[in-house]
Amino acid sequence: MLSNSIADVNGSDLANDTALRLLDDYQRVRQQTLALCRPLQTEDYVVQPIADVSPPKWHLGHTAWFFEQFILCAYANDYIPCNKNYNYIFNSYYESVGERVFRSNRGNISRPTVEEVFAYRKHVDDAMSDFLTHHTPNSKVVDIIALGLQHEQQHQELLLMDIKYILGHNPLFPAYQSFEKASNPSGSTSNANNINIAEGVYDVGYDGEGFRFDNEEGHHKVFLHAFEIQDRLITNGEFLEFMQAGGYTDFRYWLSDGWEWVKTNKVDAPLYWIQQEGQWFEYALRGLHELDLHAPVSHISYFEADAFASWKEMRLPSEFEWEVACGITQAKIPQEANFLETGHFTPTSPAKQNNQMYGDLWEWTSSAYLPYPYFKKEEGALGEYNGKFMVNQMVLRGGSFATSRIHIRPTYRNFFQPHLRWQFSGLRLAKHI
Amino acid sequence: MLSNSIADVNGSDLANDTALRLLDDYQRVRQQTLALCRPLQTEDYVVQPIADVSPPKWHLGHTAWFFEQFILCAYANDYIPCNKNYNYIFNSYYESVGERVFRSNRGNISRPTVEEVFAYRKHVDDAMSDFLTHHTPNSKVVDIIALGLQHEQQHQELLLMDIKYILGHNPLFPAYQSFEKASNPSGSTSNANNINIAEGVYDVGYDGEGFRFDNEEGHHKVFLHAFEIQDRLITNGEFLEFMQAGGYTDFRYWLSDGWEWVKTNKVDAPLYWIQQEGQWFEYALRGLHELDLHAPVSHISYFEADAFASWKEMRLPSEFEWEVACGITQAKIPQEANFLETGHFTPTSPAKQNNQMYGDLWEWTSSAYLPYPYFKKEEGALGEYNGKFMVNQMVLRGGSFATSRIHIRPTYRNFFQPHLRWQFSGLRLAKHI
Amino acid sequence: MLSNSIADVNGSDLANDTALRLLDDYQRVRQQTLALCRPLQTEDYVVQPIADVSPPKWHLGHTAWFFEQFILCAYANDYIPCNKNYNYIFNSYYESVGERVFRSNRGNISRPTVEEVFAYRKHVDDAMSDFLTHHTPNSKVVDIIALGLQHEQQHQELLLMDIKYILGHNPLFPAYQSFEKASNPSGSTSNANNINIAEGVYDVGYDGEGFRFDNEEGHHKVFLHAFEIQDRLITNGEFLEFMQAGGYTDFRYWLSDGWEWVKTNKVDAPLYWIQQEGQWFEYALRGLHELDLHAPVSHISYFEADAFASWKEMRLPSEFEWEVACGITQAKIPQEANFLETGHFTPTSPAKQNNQMYGDLWEWTSSAYLPYPYFKKEEGALGEYNGKFMVNQMVLRGGSFATSRIHIRPTYRNFFQPHLRWQFSGLRLAKHI
Amino acid sequence: MLSNSIADVNGSDLANDTALRLLDDYQRVRQQTLALCRPLQTEDYVVQPIADVSPPKWHLGHTAWFFEQFILCAYANDYIPCNKNYNYIFNSYYESVGERVFRSNRGNISRPTVEEVFAYRKHVDDAMSDFLTHHTPNSKVVDIIALGLQHEQQHQELLLMDIKYILGHNPLFPAYQSFEKASNPSGSTSNANNINIAEGVYDVGYDGEGFRFDNEEGHHKVFLHAFEIQDRLITNGEFLEFMQAGGYTDFRYWLSDGWEWVKTNKVDAPLYWIQQEGQWFEYALRGLHELDLHAPVSHISYFEADAFASWKEMRLPSEFEWEVACGITQAKIPQEANFLETGHFTPTSPAKQNNQMYGDLWEWTSSAYLPYPYFKKEEGALGEYNGKFMVNQMVLRGGSFATSRIHIRPTYRNFFQPHLRWQFSGLRLAKHI
């Protein structure tokens, strides 16, 4: 896990040993990205089955490009870029930084090869190591490096999402990594309990010293009416009941756009559910396996989450209800390391056992993704990080089993368009009382 | 203007004279729809240049169908429908009520003719008159009739929007109705002032006895941080400055989806602005005329409103900030009758002169269109009225010159997708203090 | 029927009485267009259900525009155009003549009104009458007027096709014109006979003095191998057998593009066939009626014609086989006037009774629409008439019941893209022997 | 080059040594496919930048599947398929053989890996070797194997086309294989001469004993009017003149569909031409290099070829004119082996020097791709080979530098849709005299 070194030095001049601690963080995060890719075949790095999914090769190049572009080219005077065309190839959406390959074209680009991309990463890593060893970065530089590492950790989860999509849509259903199934039964077999929260004015938003994204800044007050919220996620078994009750064929449960989405895409189950001879299977990173009814339902869109809630005559919590409930229940941030270290590749929802309320799956909320009262975007290209996406998206909270543990905090705001579901998304229900 | 008879009787048994007052309202509203269409040629009733615009003929039939479907077929035992195919043709989106013509196909249907649609309206009106003369409707029926009249008034504004689109996109630019230009200069020539609002918990949402839509119900509390809000709308002149400063060509002001929209649609000015030989003109219901720099800018999308605010380093008010500001300033509801009676076909923004803060143009807010805390949709088909659209839309407040005065109230929530701009939309700015 | 006056004077100076005979032709043809529209309601003139169909109003304006543009503006010195915007509105595809309304936008244009379009026609007709009364047109002008009249007659058939599409896709299925059903049974009840044609070099293409289109010019030789060709069109009954044999669900009968077309558009019957409670009906200009099994099958695409032939283990004739067969059998050109005069609105296929081989329906041939050996397009805008469409289209021969009789000749080449079927199209079969 | 063994034994029982000669051919052709892929990186095998282009990996699998499906599964009793899912993955368009991956999805499939596909080929090759060593195939089997080898050779050219597209659209413009530029100047510097052909009845179509495709069978007669045809291909220099004369911006030269294609796709040069700082470059298999004005223009669509001819006031030859001209001039079939053996990766058009009229580039003809008079498709899945594509395509003749020499014969018919140009296509002109 990333140390707190970054937060400690934020805003002050740095002594040389701080630079070394930063380098240590840098190397650990960058290694983790490579570790994630180890089970892949070369071919898996290249393809892009849908525009939302990027080829793993692109993630590897793009996260290196971030450091090259925003640190090395900007602050390391003697740095020579690896290849002048890489800016064009590995820029994602930063309009400030020039032309770029159309997103939907990323899967058409066979070169640079995977090997060349690894070499690009090494080129950047060597230069970063050199830079941090021989320079004392000022606080601005430290902030950007910290952002770059958080950015890379976000891409680690994207990598997993995209790898799952690539392998899970292959007719051969190859496993990402096989392993023994956990011996203790996962998921929940008992009913969800409701946690009651009283009405009042609450504080929300990030209010500390450590790293946070611009979109969670702006500590502010909200008024919440009294509500109750479930203490665990909805399970596959519960979702199957919704399906068996005709959930996907009854327009009354659906938002109008959701109903169009269901009909246009002929949606009739969560993303990775596959029915074979009357039996439901689910593709997971360990391969195709029988659906586990006690595990939390995952890979659902906002439309599906909302329709399920409507069928249950409840609703999704707002992002602030969710955040306040976290604080009040003093839900523990999951202590264990993430799946790379544990080998658990599935959400396990042990919420009730150990008061760990979240961290299994991103949870859809009823909140649109909008700026906080005092939101102000950064100057320059980094200002394009979060703000410009604040329309037509819904907020998810909590983090998933594939999220870096350091990103799991009550104020963290994730966001996706309401029809998307290749992310590790689930839901819990709430209602006013 | 619609009397308050409906509100008076809401929820109680009705004496016969109440039915007659309801009939009187019914006839007045229905006549107004016809009055709106009087300047049209038969051909204007038929076309549908884009899917969002419906042919005027369809509006006429659909608003009749509402009363036929939800009152006459349901409550008038001896009613014989005008034509059994009209349910298929004039249903809008009520999934509960069966199959219907695809929205984008409405402009392909030459029959029934305009004359036959007028006959359909008369058929329904005669039956409604008969029904209300000889029966004492219960409160449920009264509620549905009241809803039907409000629904028809909403379609009156839609009619104007669609007529403007149809005529304003015709190469001949025909006027809807010519008239003398107002002698006193319209619009604002002085700077906007800011109204300051202190932080605190405020009450929002509809809290009275009269008619209200389901989406504004749920009187509840919100916490607002201190902010200031302009006392008038942004003018054409101010928007032109944005354009001249390169507003449409600099991505930094735009949301990501907005920037895509600008580029894909080659947007470079508000909807009805037309440049001829270096001079800006605007198509209005009175025809093509020179752009009035002092009039409020209209027919802009949320994307444009947001980009303008971003350029000004301000932001749009939230719907609650807007609603609270209305209450605090005791902004008067415009007293004069609407344009049909006055012959004013353009927004005039006399805000500062007479403390009439709103009612010229719908004002984009920064709020996504979402359910209020205690929102609950109606049973049956009428439950499809508002709730199912609560995703991917933004709230507009205030009402336009083309809005029935009875709809103009601080709690009324209008909503459109962020790229749409054929509605009578404008903006004012706000910021936190 | 158009007199032969045009041919008589072609290429020579004209005496004044020739101009008057031309005027007489002009007036007769122009009147016929109006007669065709008499059964329409105003609304029917306006709509455009698919891009291929033009609003009747547009046909009326466009055919007037042709004479305004190519005769009056070019040769009548004192002519004042009716409205300078009409060139933009009524130009069809002549790139030489400037910008124009996108084809798919024609149905969005409510103005000019139908009445104004009639006034436009009168404006042009008056000017043409004046021009031909007071001037002696040279042979160039006579040629263009002759072309304009042939052009108008082509649009008369297009008008019928488009009116049928508009009314036949309306949920109310209104009749274009009701009339008593013919008392004598239409169509064929006996088997088709085959006509044998010996191999050899044959002459094809137009070789006379009268009017002909540029695409049929270039009298030339072709070698044909011996073949046989049916003496009548395929009937609805025969086509129904194909359907009942699974014709629309067995890919083996279909061209690859045709099979895609069937699946994408869910095609399972000819265009105007409608099944209600197990019974087949057909929409015709006289309204919806029970399918007549003995009438020739109509409104089929090339793909369907080809698939039917494939199922029968035969093929379509080439355009030259068809033309040569006409000459050899001395098939009579139908003597009777067209449907406007007879009131017969359906193909009647009386081929076998009276040796009238063609003129009921356009017949798909196996020939792609390509230039003849000596093809040379006209100079200027009129050169855009036929040549630029010579790719991706198939030739049809023979003419339909809705074709001006003067267009019915063995060398006339009609053409459509292989997926289109709103034209009056049928088929007959051939094979090599 | 493939021996003539196949032709020798066609239709008769085979002695065992014939089977061995067939095996020898088999191995030589299969090896050549692998040789073609040798310069590729693993990543290059995977991508599919446009639907028309298939990933090289798919070509490798598909050509193996052909033998597995049509020989081994059908005739080798003890054969065990390599992987039951490969039928789904590697079937191309044979509807008879079951479901398959959508063409446009081929580039989304990372597994089987390249290595696994090579193993698949080896599995099939071993089985084929075993089959041909231990069985005496009957003539039917020999025919299918011969077809399979011709099929594989066709895919060899497709492989080159697709590889060129993949590498030539990569921002890095990697070379497929670098080599020294030929010392002797390629292409033509002198004017084209015209060859005159007299009118008459000519024999066309394949009339021998060797292998031929079903679409070139049906030896038959055609009548040709007198014409002249150029003795060499049009050069880059000549095409540049067309561009400089405004060829891509003047609609008069273009077919209507072609003009739409130019505008929609913003086409302004042949496919691989790239302008950098005013200088024209061309991407070739040896990399990006300065445009050679004397080399034949390549990678043009039918639309471009036709527009060029129109600008020159000439036309493209018909496929029969081309075929007859070949016979009359006794144009030599190029004797040298193909580019794999010579290392020449570009068309060199040495036509005039050595009377080798064709074989540099496929030449667009003015003929639509249609069946010959006596065309009859094969029974079963192999009947889907050519016939079902006979609509909306144009014929190309002659063969390119990347075509297996054994495919280069005067009767061979290649075909593409008129807008496509990733094939190695050029043009020569003709006209009637």
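We just call them A, B, C and D in the order they show up, numbering each chain from 1.
Here is the rule we go by: contacts are C-beta pairs under 8 Å (C-beta built on N, C-alpha and C of every residue); 3 or more make two chains touch, one makes a residue touch a chain.
In this text, all values refer to a predicted model and were calculated from it rather than measured experimentally.
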Label of the chain whose CA centroid is most distant from the centroid of chain D: B
Distance between chain centroids, defined by C-alpha means - chain A, chain B (Å): 39
Centre-to-centre distance between chain D and chain A (centres being mean Cα positions), rounded to whole Å: 47
In chain D, residues with contacts to at least two other chains: none
Chain contact topology (line, ring, star, complete or other): ring
Residue ranges of chain B touching chain A (in the complex, touch as defined): 93, 95-96, 199, 201, 220-223, 225, 251-252, 254-259, 302-303, 306, 315, 366-368, 370-371, 373-374, 383, 388-392, 394, 418, 432
Interface residues, chain C side, partner chain B - complex: 41-49, 57, 83, 85, 88-89, 101, 105, 107-114, 166-167, 169-172, 174
